Structures are given as structure tokens and as C-alpha cells.
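Below are two complexes that have chain A in common, paired first with chain B and then with chain C.
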Partner chain A sequence: MEILVTGILLGGTYALIALGLTLQYGVARIMNLANGETLVAAGFIAFWLFTSYQVSPLWGLLVIAPVAFAVNWAIYVWLLRPLVDRAKNQGMLEVDSILATFGLLFLFQGLMLRSFGGAYVSYTFLAERFTIFGSPYGLNRVVAFLAAALIGASLWSFLYLTRRGTAVRAVAVNPHSSNLVGIDVAGTAALAFALGGALTACGGTLLSTFYTFNASMGVLFTIKALIIVIMGGVGDVRGAVLAALILGVAETSVASLVDPGLTLSATYALFILVLLFRPQGIFGRQQT
Partner chain B sequence: MTQLSAGEIRIALIGAAAVAAAAMLPVFDQGFYLTLSLNIVLFAALCTAWTLFSGPTHYISLATAAFFGLGTYSVALGIDVLPFPVLVAAGGAVAALLAGLVGAATLRISGVYFVIFTLGLAELIRQIVSWTQVKLGASMGLYVFTDFSEAHIYWMMLALTVAVFATGWLITRSRLGFALQIIGNDEQVARHCGIDTARLKIVLFMISGAFIGMAGAILAPRYSYVEPPAAFSPTVSFLVVIMALLGGTRRLWGPLVGVVPFTIVMEFVSARFPNDTPIVIGLAFLAIVFVLPDGVLGRLEQLRARLRRSRPASPAAVAAKEPA
Partner chain C sequence: MIRRTMLVLTASVAAFTMATGFAVAQDVLKLGASAPKTGPLAGGAAVTHWPNIKLWIHEVNGRGGLKVGDKRLKVELVEYDDKTSGEEAVKNIQRLATVDKVDFIVSPYGTGLNAATAPIIARHGYPHIAATAATDSVAVFAKRWPNSFWLLGSSTQQAQGAVAALEKARKAGHIGNRVAVVHVADAFGLELIAAGKPALQKAGFEIVYEANYPLGTQDLAPIVSQAKAARPDAFVAFSYPPDTFALTEQAQIQKLEVGAFYVGVGTAFPSYIGRFKDTANGILGIGGVNMASKEMQEYRRKHREVTNAEADYWASAMTYASLQILEQAIERAGTLDRAAVIAEIKKTPAKTVLGELPLADNINHRLWTVGQWQDGVFHGVASTGLEGAREPIRKPAWK
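Moving on to the complex of A and B:
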């Protein structure tokens, strides 16, 4: 039971990160391998705001999310759109965007190493006991989960209840047909990419309240997020949330039952299962 | 098909002369230049082995560090029990086995899954190796004591590089190479021709992985103390991708063009600005995508083609410029 609750609490934050990636990959068609760096950068900014100005990470979100939105929008428009325009087919775009975002990954990592050093960082925020079903949990984890759920719910209402959101979903299904019905595909892709970056940054901020991180950890989160996205089906919001919760629980079980050093193996085990039995994802439909 | 053309004989002679010259190096210098040249030869072997697979298939493999580390570990574990050549072979075999498993899981589906899988592979193997070592009560590090000097390692690595080139050349002459060319141009067409594309890709990935594993095994005596974080350092995978793409992957010797300058640059950067290596790697990736999408060689060939178009030279001059 404790494992289940801890896993779900962790999974909530993972879901936010994976939702960010699924928007970037599913809608903007860019496999953003620098996603984890956005997350870690957000964590560092939250850390800096909290330790230097005593700004609570929850208020920090109000600063971090818009900044991440702007930065990711700029990255998409200036750096990635030229690649989209020059690519002759999806395969070429994939290779180009993978290489370009590798570049961003190392660039951001290097800049963070310069500004914050390579040491592990954490800060104490809401480290109080909070009891669920008779067992104590960190209040910061519970708060992070609730905040993640709130942000996730607003994303859902944006995607399913507004015109803009419907356009985003249409582009995810088929960019060409969306263009035919008068959707600004290029603008929507930029919006989705920027929104994805902002969501990831929110995930990073929330994660930093209870997690110890350092400048070179981004890749690990990118892998986790990618695997969640594939498990849930690319571009699928429900799938990403469910897969994130599954991954959170699987990781927590391995960490507490076997060894904390083996969490990545849990991730890979799930990945292999998905590849073997359901490569299109939990809710994904078979490609024709 | 089996007959060697005059051009191929010429390339073989030039290659043999270059290798002989390179093999003489330890006679003149045992210090800085030997260390630097060992790095260059190491990355030449790794990048060419990488290109064997990633060149024709266009799949970006980041599994290099995992294969390399497995090779290093095979030597570190068995150095007191088995002779060195057996261990090198074992390192290659273990790496090929891992490549086969990874290939079987991912190469049947789309290429994106392959990239994602290999991205974390080195870290995964590192976790498993560390965990096994702790479980078995062994210490985290292993000592590798041998009688090999740096010059011996250099010669062995040079021999391995030659073997990689020879294998690559044999592949291009074989049915496998022909099939690969079709896959590289259009996988759909290849499948319609009755080529088992997934199996071919897996075989090729195993060959490439085996060479990378052997390179790791040969280099193991240089470290003398091996522990998981150093042996499975993911940076190696990225450096290999950069160097190979920088040179160009359309030709077997393309990566060499990227390996030599970039190894020297990295040597300089890691000596002077050790904390800024990620920034250099990042800028290199961006430069590859935006400035040199086909590598230095591709750019040179483009330039040559443009020159030839703009200045219609006499037939004799064109014939002289014809590629060898």
C-alpha cells in the first residue's frame, strides 16, 4: 500500500513531464531529447528562487512556466522550424531533430554546469508528515501531486473544451488534413512545443521540492518521459497519465523491494514489455 | 565481383602505406603524441565500426558506451584467469550478444524506438553491473595489471582498426552490402525484393557492436583500474556520433575525416576547459545539423560538383578529377 501511494504520488509529477513531451512529439513532431534539461533547469531556478529570495516553488511556477513557454517557443521557431521546412520526409526530420536536440541537451547541460556546478542539489520545502491511510508521507510529495493534477486537469480542459485545443488535437492526428480544414499547422505546432516545454518545466519545479538533482541528470528524465510517452501511445493524454502512474509504481516497487540503484532497469523492463506486446501504446491504435 | 579493380588496389596500397607509417610512430615518440595517436586510432576504430551499421541504415546508435564498457569489463573480470586474446574475443562476443538482444527488441519496429532504447543502454548496463558487483560482495573497482605498454595497446588498436576497415570493405562487396544499399535507399523497396530487412539490420548491428566491444577490451589495460561509472561513460557514445557524422558516413573512410581533427580539439578542450566539454559537444551537434548535414566529405563533394558545373573544363581535366 505504501509503495502504491508513493508510486502514484511520484507518477503524478512524471505524468506532467510526459505530457510535455507528448505534446512536443505528438503534435509538433519533434522528438525533443533536451526535454530533461528543461526539467532540470526549472528545478535549478526553483532552487535559486527559494534559497535566495524565499519564493515558494508553487509561486515560482508562475514565473518558471511562462519563461519556459517563451524559451521553447523561440527554440521551435528559430531552431527547429527550419529543419521541419527542409525535411523531405518524416525520417529525415526525425534524424535532424534528434541531432539538433542532442546539441541543445549538451549546450544546456554545459551552461547549467557553469552556473550551478556539478554538485547534487536539494532544498527543504514542506518537509512535514502527512498521513494517508495511516502511513506518513512527505507533505511536499502530496502537494506536488495535487499541483500536478491541477495543471494536468487544466491542460485537459484546454485540449478538449476550447477551439485552440481542438486544433492542437487535430494536428496531432493528421497535419495535412488539419491544414485542409483551415488550421494554422505551423502556429499550432509552435504553440504545442512551447506548451510542452512549459509543462515539463512545471514538472521539474514540482519534482525539485522533494527530489535531489544535479546538472547532468536530464537525460535520465528524458528517457523516462520518452518511455512513458511510448507506453501511453504518442500524442495520447490519457495514455501518458496512466503510463506515468504505472512507471511511478513500478519504479517505487523496485527501489523499495530490490535496490534503489536499479530504478532504470524497471523502466527498461516496462519498455521491453511494451515493445514486444504493444508497440503502438496502451491506447494507441494500430498504424495502417 | 571478386576481381580487384586498379582503383581498389591503389586504395589498398595507400592504406597499407598509411598504416605502416602510423605503426612506426611509437619508435619516435612514447609520450604526448603516442597518447594522442592512441586516442585517434581508438576513435577511428569506434567511429568506423559505428558507421558500418549507422551509415547505411541511418539509425543513430548510442549504444557505443555500453558495448565498449562490456569489452573493458570482460578483460577486467578475466585478466587473472584467461589469456588476453581470448578475453578480447570474449569482449567482442558479449557486445555482439547485447547488440543482438537490443536489435531483436527494437529493430523490427520504427527507428525512433531504437534511438530511445540505446540512449539509456549504457546507464542501464552500468546499474546492472554495479548491482551485481555489490550483490556478489565484490569491490566496485577491478584492477587490470598487464605487461602491455602504451605502444602495445596502440599497435593492437591499429590492427583492430585495419580489421574494421577490411570487414567494412568485404561487406560492401558481399550480398549483405548490396542488400544494405537497397535498404539505405528505400526500405520499402528492399522488403519487396524479398530482403529480410530486420534480420540484416540485426546482423550488421552485431558486427558493429562486436568491434566496439573489442576496442573496449583492448583499451582496458590502459586504465589499470576499472569501475562502472568510468567504463560506461555515456559521453563516448555521443563523441562517436559527432565524429562520424562530422566526417561523413557515406564512405567507409568518411569518419576518419572527422575523427582526427575532433580528437585533437577535444584533447585541447578537456585539458584547458575541462568543465566546458558539454558546451563544445552541444555546439558540434548543432553545427552538424545546420552547417554540415552530410559531413565534411559531403560538403566537399558538393563543392566539387558545383565547381565542375560552373566551369565546364576540358574532358582531360574532368577525367583526372573523376573519383577514385
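Moving on to the complex of A and C:
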């Protein structure tokens, strides 16, 4: 039971890391390699708000999410739209966006180094005991999990219950046909990219309450997010959440029952299995 | 992006030094530094390495410069980011030696980067005073490169120090024989466990739980709960800073009550006490200082004033000491001749913030191996050849 709860909590953490990238890659078709840097930057801002102004990271979300939304919107419109416009096909856009966001990664890293220095940063927030079924867990992880659940649920309702959300899904499936039925593809893609950035920033804010991080650690999060997004099926929110939970539970079980040294192996073994038997991801559609 | 900015930066630095360098060519000592500003080791270097270079230059130039013969030379720094990459570090050293033509080089940061650059530093004949390398290969390194000096001891010393601290705690009745040991699966953790396990067994401790975890893991709840299930009297983790923080928080949340709790690298960082505050009391880790020493108090005060940051309680002082060793050897030799300075480092022990450090065999044998947080200060509790060790206290129950 303890393993299951720890694993599910960890899965929530992973979902927070990956949800933003799902939207950015799945809908806006931008393979954002600066995803981890966005996450770390949000963590730094949460840290700064908390230590300098005693603003709780949960209130900090109210500032960080809109700012991240605006910044990512601007990045999409100014930096990435020209790439989208000139791309002749999906493959070309992917290559171009990988190169562009790779550059963005270094820019973000440099800016963070400039403003916050290279040292490890961490603070204590809600590091209290929270008892579930008689075992203690960190309250900050529970809060992060609840937030992940909330974000996941609202994202799902937005995508599946609203008109705008349906448009977003349509663009994810086929940008060209969406255009034909009168969907503003450019606007929708920008919205998805900005929303993805905001989600990643929310994830970073919540993760900073229990992770120690520094300006150079973004790439670790990007890799985790990539695995989850590809496992879940590109562009599918349900898939990403499910993949995150599977990874969380699998890693925790391996660490508890087999050997903590094998957690990474377990992750990649699962990843390879999914790639072998369901290359389109758990919820992915077969390419036509 | 960074590369290009660096290029522009280096170009402007080079142009600047050329413009100003010629007029005062005789009155400047050029010091080269290459260490991580980005990459995995940047977090440690930002605390331990760079501030001490800044502080030392501030101090020396404040005195009017280094006294070489009858001249006073102001120290001028040329610094590069090695991105925590051995290749990049070697290129930087090459550049410092051949393009910038620096007079001396500050040792790089960390075991791997010091080992990677040792051959090229030796080829250019610079003294190489490694303050942040702790590995069992120091004896081999010291023989292979006679220009190199190794201040931070070996992994075996660190691991034996940890066991010695546990023995003290057992003698004082804080703990019994049951020990849980975990380590990060990286060169550092592997070397420490390889030396630590036999030392624990020899001292009569029983290892009731042993595990390792991959580099970069911060989700350590399963490890702590498994360790707790083994009912240990003492918990030992050879961990890196992010996992050191994570293990401490998890142990607190899950109430892993032990009489001795040892984690580190990272325990000696100011950010550790900044985060855990009173909870850190009684926690053991690599490092330690003798706060009774006037020099140490003075050093920490200046560090705070000049760099606006606290020094860490382990390698910070050693990094500063390495620069003091260089400074005193240059002044005694009265020349910028590198071979003469190397000979001088070997000949006369320097007076540093850590006391006298003899380097006759190129290895420093006087160092703190274990420290413990006691009322907000990380006091040394085990050392090899240094005075002022405190008695370890029993780890109080988690709050």
C-alpha cells in the first residue's frame, strides 16, 4: 500500500513535468527542448518570491502561471511562428523547432545563471508529515499531486467539453483539415504552446517545494518529460497522465522490492516495451 | 549561444588586457582560472570555488599586490567556464597557457576535472594545487605529476573518518551496531562505499541495509522507508547535494530515528542549514571546521563581507588555503619562475586558514573528514592530524 501511494504521488510529480510538453509537442508541434529550463525558471521565481517576500508557492502560481503564459505566447509568435510558416512538412518543422528551442535552452540557462547564480537552491515548504493509510508522506508531495490531478482534470474538461478545446484537439490530429473546417490553426497552436508553457511553469513551482535544483538541471526534467510524452502518445493528455503514473509506481516498486539502483533501468525498460509493442504510445493513434 | 557570448567575452577580455596590459606589463600577475559555471558541478563550484578566488584576489590586491622580489604585483584574473566537461577544461587550460599566457593557474574544480587537466597543467609546468579533488588515486597522481599537490585527501580517508565518527558515537552510547548505508551510483559514491564497507565491518558494525541509487535521483522515499524497516541505529549516505537534501527531508517526514545520521556531500553547504535550520542539529556529514581558530573566524567573516555569501564548511577553506599556499610560495621564491615556486611549495609548509599544511610528499595529510551541525555551526568531529575536534552529540529526534 505504501509503495502504491508513494508511486502514485511520484506519478503526480511526473505528470506535472510532462503535461506542458504534451500540449506543446502534440498540438503546437513544437518539440520544446527548453521545457526543463521553463520548469527550473519557475522554480527559481517561486524560491525568490518565497525567500524574499514570504509569498507561498501556491499563491506564487497566480503570478507565475500568467507570466509564463505571456512569455510562451510571445516566444511562439515571434520566434516559432516564422518556422511554422516556412516549414513544408511536419518533419522539417520538427527539426527546425528542435534547433531553435535548443538555442532557447542555452539562453534561458544563461539568464538564470546571470540572475540567480549557479548554486543549488532549495527551501522548506510544507515539509510536514501527512498520514495516508497510517504511513507518513511529505505534505508538499501530496499538494503537488492534488494540483497535478486538478490541472489534469481541468485540462481534460477544457479539451473534451469546450468548443475551443475541441479545436485544439482537431489541430493536434490534423492541422490542414482543421483549417478547412474554419479553425484558426495559427491562433490555436499559439494558445496550446502558451498553455503548455504555463503548465510547465506550474509544475516547476510545485516541484520546487521538494526538489533541490540549480540553473543547469533543466535537461534532466526535459528527458523525463520526453519519455512520458512519447510513452503516453504524442498530444494525448490522458496518455501522458497514465504514463506518468505507470512510471511513478514502477520506479517505486522496483526501488522498494528489487533495488533502488535499478529505477532508471525500469524506466527505460518500460519505455522500450512501449516503443516495441505500441510505437504510437499508449493512447496514440496509428499514423495514417 | 553561450559559446558565442563566451567568444565575444574572451575577445573583449583579451582586447582589454592587451590595451591595459602593455602599460603596466611589469606590475601585474595574471592568474588563470577554469572551472564550472554551467553543467552538473556548477552548483558546487558557485559555492566553494569561485567566491574564494574572488576573496583571495580582493585580499591580495587590497594589500597592494603580491610581493615578488622588490616589486608588488596586482593579481588579474582570466576566467573561463569549463561547462563541467573535461575536454572543455583541457582546452581552457591550453588557452590560458598559450594565448593568455597567464603566470599561474588556479586548480579546476572537482575530482574529475582536476584529474582530466593534470597532464596539460603538468606539460606547461604550472603548480597544480588541487583543493577540491578527493579520490583514492591521489597517491598515484602525486607521483605521476610532481607539479601537482592534493589537499582534500582520499575517499578512503573520508570513509574511514565517517566510520571513526560512528565509533565515537557508539562509545558515547548514542548508537549500537546496526548501520544502514546508501550511496549514489557514481564514482564518488562507489569509492566511498568500497572503502567504507570494510571499515564498518572491521569496526564491528553490522550493515542491516545497503542500497544505491542512480545519479540525479531525488525521489528517495522508498530508500528511506526500506532503511527504516531495517531498524538501524545509524544511517550513512554517501550522497550528492540534491540527494543529500532529499534524504534529509524524507528521513524527517518518515521519522527515521537514529542516534547518528550522516549524509553528504552537501551537508556542509550554507544552504543546508538555511533550509533545515534547527532540524539540522546533530546531523553529520563530510567536512567540518575548527571554529575556535581565530584565522577561521576571520576568514569566514571576510568571505561574508566580500562575496556576500557564507563559505561552506568543507572545501571552501581548503580552496582559499590552496591560494594562500601559492601566494606564500611565490613570495618566498621571490620570482614568477614556476619550477622555483613548485620547489618552494614542497619545501616550506604554508600558514593557511587551516593551520600549517606540509606538502613534502605532494599530499596534504591534515584535513577534516567529518563535521556535525551543532547550534548552527558545522563543527569538525573527526580529522586526520588537525586540532580542535568536538565530541559528536547524539542526533535528537526529528521534529
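The criterion applied here is as follows: the second predicted complex is superposed on the first by the 271 of 288 C-alpha atoms of A that agree within 3 Å, B and C clash if a C-alpha of one lies under 4 Å from a C-alpha of the other, contacts with A are read in each partner's own complex, and residues count from 1 in each chain.
Everything that follows uses one rule, which is that contacts are C-beta pairs under 8 Å (C-beta built on N, C-alpha and C of every residue); 3 or more make two chains touch, one makes a residue touch a chain.
Worth saying up front: this structure is predicted, and the values here are computed from it rather than measured.
In the superposition on chain A, A:Ser122 contacts chain C only, with no contact to chain B. In the superposition on chain A, A:Glu251 makes contact with chain C only, while chain B stays out of contact range.
Contacts of A:Asp236 after superposition on the shared chain: neither chain B nor chain C is touched.
In the superposition on chain A, A:Leu275 makes contact with chain B only, not with chain C.
The contact surfaces that chain B and chain C form on chain A in the two complexes overlap at residues 103, 106-107, 109-110, 113, 118, 216, 220, 259, 261, 263-264.
Every residue of chain C that touches chain A in the complex is listed here, in rising order: 1-2, 5, 36-40, 42-47, 84, 182, 185, 211-214, 216-223, 225-226, 241-242, 245-246, 249-250, 252-255, 266, 269, 271, 274-277.
Looking at the complex, you find that chain B touches chain A at residues 58, 60, 105-106, 109, 111-113, 115-117, 119-120, 123-124, 127-128, 130-131, 134, 234, 238, 241, 245, 275-286, 288-290, 293. Chain A meets chain C in the complex at residues 2-3, 6, 10, 13, 103, 106-107, 109-110, 113, 117-124, 127-129, 135-138, 210-217, 220, 251-252, 255-256, 259-261, 263-264. Residues 31, 33, 79, 82-83, 91, 94-96, 98-100, 102-111, 113-114, 118, 216, 219-220, 222-223, 226-227, 230, 259, 261-265, 267-268, 271-272, 275-276, 279 of chain A touch chain B in their complex.
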